[in-house]
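Please read the structure below before turning to the comments.
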């Protein structure tokens, strides 16, 4: 059964230096507050996993929390590049960043395999591309019935997955709706999980399109209203597009970024 | 885009002798009317597919429509055995019935592979059982990353899948809710599909737990109110448990069954 | 213990009691479902029932008549697709207890629900088949089996291994890499059997009240071993019987 | 044709027109999404837009700012999980057209969105990566690509093949067993390019009105071949421009 904790306590107890951590979300319901709590708690040497690393991953990378990134598309959606990510890959700043790069189809299937207790997944993917040459996590596999050759990718099983959802009840059952991406798979694939929610309610009234994660499949729930800002939470608030645009200028410059980071972590310059 | 047809026309146009046909449903929303229309149209040499063949499959088998059954659990749920199925397997009556037998997990994954355009699926299944010795559709497969041995099953791609749903709109978009089993996968795995619905409505109002099959993924929609009876359609009618019990006596006896069949098909005794 | 009760009632009560420590239970229909629902209504209100139709955390007010009863969906925490319940929920070993019935059971807890007779292609009796059982038996933390005891059902060796128990004895599951512990308890209308810790052979550990040992031996198709400290099951309490009968009445 | 228009507007209009016959379109964000939404509002009202966030049949009233814009979910026929959109909808070849952008494109329609520079581990510029493009390019019936034409983007050979077009020429897709026909059209701000039927090399087949051939040649990083019957794209109609501008205004 999920425990109801503060975000601070959940991150302190469940995220350790050196862990493989996935903060998932597909534009919608990005667990930004949780990511920033990881920065505040100065976690180090994390292997970060996400299909679509966006500005909170740029922040984590710029803050030096990550030694590796497993991903399929890294950008500031609707704006452009992630400059802290680029700086880490191109110039090892603030620390070198190893990358393990896939396509969306490959990443999604890696989570599916992880959630399913299988060591690998099979897909039609990567054929003819230069991606397989850069990783040992893309291999051919032959159909034992037709002889056809397909592609295998290994399961992703993060130490911790963190997602944001609209609601949980007091027993820790989680409800999310709208675009729910790969969040269910990412939670089920993980050894431990944290779900931040807009609110904890007495009863989860059924809703069209809602995905429910039963309490016993979640480690901790933390009530964090606005925890997905500047992304959006359907039914609660809209995306703050200006904040994404504003990040471009902050992320672009090491000094600007350092100022932002000091402010977040309460360090006096 | 799905065409709106009568059930008679949909079966006449889309189900051919010798086809592999799946009528799916997991206790709920069983496409009984469609199955009985196949009997009326005297389709022959069908390979019938279903995870849980129940009384409508007993009827199809007893009527001599099937030459093969691919399945994982054949019974009259809550009552007992399928006597026509037994008679066909044990005594070749009215015609021999070849069987290809799996577990639920295997069948579900075979549909998933079919829906995914893959030739096979991987699962942890069948280990230590006598099932693999009886079919060439269960084979070992080795994980290319860990070396672990798992089980592969080939995709199911029926010529036609038939399911029953609560509603469709006039454009042929289908909506079903409650226990929806493996119906989405069975439809997407098939070359052609027929969905019988309780009613055709102007607009599909969103509902909690609803699965929507877009019109372009369905071949034909037929309005057949009560088309799942004696099974149930959540929101429309309850299961007629007495009918399932009554079937036991009919199915148990060749003469009783033949009477029932003649009545269904309008043959004078 | 004034109330009279039947052997079947004793069986259901004993099966329900076994679910004391279980947090989540993958429930087969029939006797297992009855016992699991009785447990939820007596000593295990938080027992988490999972049905292969995709119902997670079902809380049926009456006994479901089938694995896909609407009552299960209406009362579940979540209803998921059938592929999902097997792939995301059962296969990774998330479920503590798998609760199964059987047509034939052998002395190592292997289950047959496929065919009676030695020739698969020309069976004496064609049974319903595997359903979810092979993977439930493989992947749940442990497996409880409930069935009435008689020599046709309790055989030396099953005609067909539909669901793997302990194979030919201790260590077979480990050799095959099966994650769960397999059958740890068999509940019948006569008593309880558990695998011997050294051999994994099913051994009578408890007799239901009033049942003679000879009767159990006669109802078993193999030379039944009996635990040295053979115990007697406590008779059903008035409350257990009341709840069981109410449950059955509500489902008639 | 009285209204003035920009080269980018011409590009969006030309890209939208290309979606005339397409029944379903897997839409990349940015230029492809703009063109697809313009098409839906003009000549192709039934165009079925599929977004990798899981939105099937999205009918956005404004241009989505990202692939996961709430507007897409709110207006979709169905919202499915990300694994499902790739496995059940894209992979089996259900989608007629894949509509992609690119950072670098080579003369055989191969796409690079990964790194600029010859060393993957020490790139000159690290780009966002593959996203859904490799499998969109592989599995859709055909692929349209839209991007602005200049010699840095239009190169002889991409630094990194993120998404496979026609490889090193005609026949490569068949040899690799790729189901879709691959890139059949590239729409730029200067004109249209299509693979030569014999060699699969991208060849200029249409010039946008007022664009000089020399300019296109200069904007192409390989020795550009020009179709014998080079045509001129019809200029945007007033209606097309009006709808495009309304769409952009509604999304500002």
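Read from first to last, the chains carry the letters A, B, C and D; within each, the first residue is number 1.
The rule we apply is simple: a residue touches a chain if its C-beta (ideal position, glycine included) is under 8 Å from a C-beta of that chain, and two chains touch if they have at least 3 such contacts.
All figures in this text were calculated on a predicted structure; none of them were measured in a lab.
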Joint neighbours of chain D and chain B, given as chain labels: A
Contact-richer chain pair [B-C vs A-C]: B-C
Length of the line joining the C-alpha centres of chain A and chain C, rounded to whole Å: 41
Between chain B and chain C, centroid-to-centroid distance (C-alpha), Å: 28
Separation of chain C from chain D, taking each centre as the mean of its C-alpha atoms, in whole Å: 57
Residues of chain B touching at least two other chains: 117-118, 123-124, 148, 184-185, 209
Shared interface positions of chain C, touching two or more other chains: 87, 91, 139
Chains that touch, pairwise: A-B, A-C, A-D, B-C, B-D
Contact footprint of chain C on chain B as seen in their complex: 26-28, 51-52, 71-75, 77-78, 81-82, 85-86, 89-90, 101-105, 108-109, 111-112, 123-131, 134, 148-149, 178-182, 184-185, 209, 232, 234, 238-239, 241
Footprint of chain A on chain B - complex, ascending: 117-124, 137, 139-141, 143-146, 148, 150, 152, 154, 206-210
Sites on chain A touched by chain C in the complex: 115-118, 173, 184-185, 188, 211-217
Interfacial residue positions of chain C with respect to chain A in the complex: 23-24, 48, 56-57, 77-78, 87-88, 91-94, 139
Footprint of chain B on chain C - complex, ascending: 29, 52-55, 65-70, 72-74, 79, 81-83, 86-87, 90-91, 114, 120, 122-135, 138-139, 160-164, 167, 172-173, 176-179
